[in-house]
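Consider the two complexes below, in which chain A is the common component and chain B and chain C are the respective partners.
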Partner chain A sequence: MDGSGLGVRRAVGFVAPALVLIGVFLVFPALWTLYIGITNYQLTGPAAANPRVVGLDNVVNAVRDPLFTNSVWLTALFVLFSAVIGQNALGFGLAWLLRTVRPWLRRTVEAFVLLSWILPGTVVAYLWFAVLSRDTGTLGLLLGQPETAWLVQYPMTSLIIFNVWRGTAFSMLLYTSALAAVPPSQLETARLVGASGWQTVRDVVFPHIRGHVLTNTLLISLWTANDFTPFLLTAGGPNHRSEVLPVLIYRQALEGGQLGYASAMSILLLLGNLVIALVYLRLLRRRA
Partner chain B sequence: MRTKAFGLLAVCALLTGCLGGTQETDQGRNADAKEITLTIVANAALGGKNARGANWLQNWVVPKFTELQKAKGVTATIEFEQNGAGDEDFKTKVALDLKTGGGGDIIEIDGIWLGELAQAGQVKPLDEVVGTGTNWDGWNQIPQAVQALGEFDGKRYGVPMGTDGRVLFFNKKLFAQAGLPADWQPRSWQDVLDAGTRLKALPGVTPIQLNAGTAMGEATTMQGVLPALAGTGRPIHENGKWQGDSSNVKDVLGLYQRIYGGGLGDPVLQQEAKGRDRSFTLFSENRIGILLESDYFWRSVVEPKNGVAKMADRDSAVGWALVPARQAGAGVGGQDFVSMSGGGVRVINPNTKYPRQAWELMQFLNSAEAVKESLAGTAQLTQRQDVNDEVLKGDPVLSFVAEKVLPITRYRPGLADYPKVSAALQQATADVVSGKSPDDAAKAYREALVKAVGEDNVG
Partner chain C sequence: MSPLWMVRRIGFYVLVTVVLGFFAVPMLWLASAPFDTEPGLGLRWPDWTLANVARTFEHPYALSSLLNSLLLCGIATVVTTVFAALAAYALSRVRIPGRDLLLYLLLLLSSVVTGTAAMVPIFVMMLQLGLINSQFGTALVIAGGMLPAAIFILKDFVDAVPRSYEESARVFGASPRQVLGHVVLPVARPGVATIFVWAFVNAWGNFLLPFLLLRDVGQQPAAVLLRTLYDEGGSANLTVIPVFSLLYSIPVVVLYLFVNKRYGFRFHGGIKS
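And then the complex of A and B:
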C-alpha cells in the first residue's frame, strides 16, 4: 500500500498540514452550518443567548416560505439565461469568430472581455450602477429615456445581462483552447464538402468539444447559482423581485438576524448544487 | 483512529461551546491600571457619514480625554473606530462583535436596538458592567423621557445621546409656484394630499415623498408608518399587544395608496436600493415638494455647509410644519398633531477590560462641555437640558421641535420584537407601493406579524 515509499508515518506527516487546513476552513464550517441549521439561532434577542435545537423545522419552513420559492425560481432563471445560455453561447461565439481574425484584433478583444472578468465585483457593480441608474445613467441617456430606472423596472433582465457580460470571459477562454484541439484536417474536409458554418459546428466541432461544453456549463452554472454580485446592484429589490438565493440567505442571516433559518437555506442551496453537479457528471460519463 | 476520535471530540466541544454561554463579570477589573486602551465605536466617519460626530470624537474627545488621564498619571490610548455603513449593517457588525467578545469599549447604537441586544446578553445593565458608582450628576440633566431611550425592562443600559422629532419639511419655492402659502400648516391628511395635488401641476416635481418599502429600512417605519399610525389614534403597541391588520393599519396603507397610486409620490424612487439618499438629493434640487423627516434632515442633510445634500438657501427655501393626524383630534391621545422620536444611546461593552475607566469616559462624553463641543456651533436636541436651553435658541427648527413637537411626540416601544414588527410594516408598504391593495397588504402583514411575534401577542 505504500506506493510513495515514504512510510506511513512520514506520509501522514506530509499530508497533515493540508488536512488541517481543509479541516479548519472547509469541514468545520460545513459542520458548523449544518449544526446552526437545525437550531433557532439568531443574531440578537433571546434566541441568541439560548439557541434551541429545532430539528428540521427550518427546512420545512423554508420550503413553505413564499420568499424561498420565489428565490429558487429567480435563481433558476438567473442560471439558465445568464450562464447556461448567455455565457455559453457568447463565449463560444467569440471563441469561434476570433479563431480566424488577425492576432492583434483577437488579443485586443480578448483583453477587453477578460477585463470584465478580472475587475473586482464592487468596482464593476459601481460602473453598472452608473450605467443603469435613473436620470444620469448612461444607458438612459443613450436611449433617450432618462426616466427609466433599469434596475428597478427590469431587475432580473438587468442582472442576467450583467452576468453574461461579466462571466463570458471564462467560457471564451475555455472554448478557445477546446477549439484548438479540433483536428484542422476535419475542418478542412467539412469546408471542401461545402458544409455551412452551422453544420461544421454541429457535426465536426461539437463532437470534439462536448466534454468541454459540459465542464464549462457545470462550472458557470455553479458559480452563477452562488453569485452574490446581484446584491451589489439591486440588493434583492425591488420588493424581492431580484432576490436570488445567495441574496435571500444573506438578508435573512444578517439583515434579519435569523442565522439558523439562513443556515438551513444555505444547506438547501448546497444540495441544489450537488444535484446540478451529479446531473452533469452523469452526462459526462455517458459521453465516455 | 484515536486521532480521528480526538478530532471529533474537539469539534463537538467547539460546537457546544460557541453558541450562547454567559460569562461572569468582574466590575473592578483593572480599576487601578496605569496604562489603558479604550475604543469608541460609532457609525460615523471623518468626511463621511455623521462627519460632525466623527470629527468631534477624533479631534476633541480623543486628545482631551487622553490629557485628562495624563494629569491623573494614567497613560491612556483612546481610539475612535470609524464606520460609514448603513444602519442595519452597522447593527449586524455590532451584534457580531459583541457576540464574539470583541468590539469597542464604548459603542454608539440606535436606541431601538437596545432590547434585542440586551435579550441576547450582548449588552448588560450599566450597574452590572460598571458596578456601583453609576451615580452621576449628569442624570439630573437628562429628561426622563429621554433617559428611557437607554432603558430596557426597567433597567438602565446606557446613556442617551439626544433625541429628535418628526415634522413635514416643504419647499417654499415650489409652494410659491403652486400658489401655496409659505406658512403652510396642514390640519389633516386631506390637507397634505390637496397640497400635493397642487404641486403635481409643476413639471419635474414629485409632490410628496413618504418613506416606504424595505429598501429604506427603518426610515420607512419611523418617517412613514408610525407617525401615520399615531395619526389614526392607535400606537403600534398597546396593552401588551402589537396591532395586526386593524382598520388603523388599513387606513395608513390606504394613505400610501393614495400617494403612490395617485401620482403624488414616486413609487420607483421608493424601490431603488439607494432611494432615501436620492430623495435627499432631489429635495435639495427643488424636485420634491413635501417630505416627512426627522429634524436630522434640517441639521445634517440640507445643512448649507456640512450637509450630505447641501442647500445653500436652506434658511429661506425650507419650510416646516407639524405632522397632522388623519383629521383634527384623531391622533393618539386625541391629538391634532403627532410625531415620533428616537435617538442614539452609548453603551459600555460588557467585555471591556477597563469598566471603570470606560464609565469615566462615558461621563466625559456626556458632560455639558463635551456635548456643547459636539454641536460645533450648530443646534441639536441633545440629551442634556442645560445644553439645550443654551443652544436651541439660535435655530428656528430645533426650537420648534423642542417646544411644539416633543410635548406631543411618542417613542417606539422598547421591545426586542420591535425590529421584526418594523420589518413587517416595511414590507406592507412595499406591497402597496408595488400595486397590492391595502386590504391584501394588511392581511399579509398580519401573517408576517404572527410568524414574527406569535399569535398571542397580536391584537
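And then the complex of A and C:
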C-alpha cells in the first residue's frame, strides 16, 4: 500500500484526464500523420472528399523533389550553425565568462539573454526587422551599409544569427549549473600550475561536463529543427532560399493544399526527431 | 599589474560589452518606437509622444486580441497545471502497472511530436470536428502539447516531497484529498508555480497553433493579430505595431521578473543533465 493512501484505482483516475488530452492531441495526430502521408489527401478538390492511398509514392516524390532536398539541406545548416555551434559555444562562453564578473554586470547580461528567450516570437520578429531592414535598419547603420536588405540578400545567415540570439539562454542556463558542479579545488590547482583559460576548459572542465554538452546539443538541435519562427522572419523566401522544413511543410499543406504530400514530409521530420530523442533518452538512462 | 594583464582585462570587458550589445540592441526598438511620433522599422532617438498608445487603443482588434490571448492562455495554463499536478502526484506515489513504460513514452512523445511535425493532422482533425475558430479547442490542443513535459517536471518536484509527511497526515485521519490539498501541494508549490509560469509563457508566445486553428480575426490572440497587422495591404501598420508589441510583451516580462526574484532562473529538475 502506498503511503498517500491513494490506491491504484484513484491514481488511475488522477492520471486519466492528462492521458486523454495527450492521446487526442499528440498520439492520435502522430499516428494520423502516418496515414495521411500515404494518401493523396488534399485541402480542396476531389482528393479532399475521397483521398486515395498511394503508398510510399509521397515519400519517394519528396526525396526526388528539389524543394524538399533544398529544405532538408537548409534545415541541416540551420541546426548545425545556429544550435550545435552557435548556441552551444556562446552559451558556454557566457556561463564561463560571467563566473568572474561583478554580480550586477552578470545579472544585467543574464537578464537580456533570458529576455531574448522568453519574449513572444511574433514580437521578436519585429525586433529583428528593425535590426535587419533596409535603409533604417540598425545593423545597416552600424556597419555603414544602409542599402543592404539583409533578410533578402543573406536570408540563411540572418536566420542563423537570429536563432543564436533567440536560443542561447537555454545553453547558458544549463552550462552555468554544470560549471557549478566542477570541483573548485581542481580549478584552483589548474590556476596554480599556470594553466591558461583554454587549457583549464579543455583538461579540467570539459571532462566534467561532457554529458551536459551532449544533452544540450541534442535538445537544442531538436528544438531548432522544429522551430517555426523562421516563417515569421522570411516565410521561406526569397525564392525558397530560407525554406527550412517546418516552413516548407506549412506552405505545402496550408498554402498549397497538398495535405498528403506535406504529411509525408512531416513523417520524415518525425523520424529525425525520433532518432535524436532516442539517443537522448539512452543517455538519460545510462546516467540514471 | 603588468601591461599584458591590463590588455587582457580590457579585452575581457570589451568582449562582455559586445555580447551584451548583441543581446540588448534589438530590444531597444521596443523601448523607443512605441513612443516615437514617426515610428519606423529602425532605431532612432524618439521624438517622444503618447499618441500611438491612444491610436492602438482605438484599433478595432488590438485590445480584444489581448483579451483573447488571456483567455486562450488562461485555459491552456490552468488545464496543463491542474492535469499535470494530478498525474504527477499519482505517478509519483502509486505503482500503477506499466508506469515506467508510460513515463518513458511520455518523455519520448513530448520531444518527437511537435506542433510543426503534427500540424497537418491537428488542422484536419479540428476542421472535421468543427473546432476551427474555437478558442477552447485551440487551448486544449496547446495544453495537450505541453502536458508530457509538465508532468515530467512536476513529478520530479513531487518525488522530492518526503513521504513521511503524508503518512503522518494519514495517521491523523486525513483523507487522500486532504493529504493532497493540505500537505503535498503546499510543499510542492515552487514546482506548481514553475509549471504555471512555464506553461503561461509557452502558450502566450505560441504562434503556429492559433495561426492554424483560429482563422477569424475576432477570435485571434495577440500573437496572430500582430502578424496580420503587418500583412494588411502589404505594408506594416507602424503606428500600432510598436505599442501593441510592448503591451503584448508586458505579461512575460512581469512573469520573468517575478520568477527571477522569487526563485531565480535555474534548473529545477525536469531537464536532467
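Assorted remarks:
We adopt the following convention: the second predicted complex is superposed on the first by the 261 of 288 C-alpha atoms of A that agree within 3 Å, B and C clash if a C-alpha of one lies under 4 Å from a C-alpha of the other, contacts with A are read in each partner's own complex, and residues count from 1 in each chain.
In this section, contacts are C-beta pairs under 8 Å (C-beta built on N, C-alpha and C of every residue); 3 or more make two chains touch, one makes a residue touch a chain.
This one's a predicted model, so the numbers in the text were calculated from it and none came from an experiment.
Using the contact criterion defined above for the overlaid structures, shared-chain residue A:W32 touches chain B and also reaches chain C. Contacts of A:L21 after superposition on the shared chain: chain C is touched, whereas chain B is not. Contacts of A:A89 after superposition: neither chain B nor chain C is touched.
Once chain A of one complex is fitted onto chain A of the other, the partner contacts of A:T138 are limited to chain C, with no touch recorded for chain B.
Look at A:L6: by the touch rule set out above, it reaches chain C but stays clear of chain B.
Of the two partner chains placed around the shared chain by superposition, chain B is the only one that A:N239 touches, whereas chain C remains out of contact. Using the contact criterion defined above for the overlaid structures, shared-chain residue A:S116 touches chain C, although it does not reach chain B. Legend: residue contacts after superposition of the two complexes on their common chain; A:L254 is shown touching both chain B and chain C.
By the touch criterion defined above, A:A149 lies against chain B but remains apart from chain C after alignment on the C-alpha atoms of chain A. More residues of chain A are touched by C (comparison of chain B with chain C). Taken together, the two complexes place residues 28, 32, 36, 41, 254 of chain A in contact with chain B and also with chain C. Contact residues on chain A toward chain B in their complex (touch as defined above): 23, 28, 31-32, 35-36, 39, 41-46, 48-51, 134, 149, 151-153, 233-235, 237-239, 254-257. If you check the complex, the residues on chain A that touch chain C are 2-8, 10-12, 14-15, 17-19, 21-22, 24-30, 32-33, 36, 41, 90, 93-94, 97-98, 101, 105, 108-116, 118-131, 133, 135-138, 141, 165, 173-174, 176-178, 211-212, 215-216, 219, 222, 226-229, 232, 245-246, 249-250, 253-254, 259, 262-263, 266, 269-270, 273-274, 276-278, 280-281, 284, 287-288.
Of all residues in chain B, only 7, 11, 14-15, 19-20, 22, 88-89, 92, 95-96, 99, 113, 116-117, 119-122, 213-215, 268, 271-273, 416-417, 419, 423, 430-431, 433-434 touch chain A in the complex they form. For chain C in complex with chain A, the residues that touch the partner chain are 12, 15-16, 19-20, 22-30, 33, 40-44, 79, 83-84, 86-87, 89-91, 93-97, 104, 106-125, 140-141, 143-145, 147-148, 151, 163-164, 166-167, 170, 176, 179-180, 184, 201, 204-205, 207-208, 212, 222-224, 226-227, 230, 241-242, 245, 248-249, 252-253, 255-256, 260, 265-267, 271-273.
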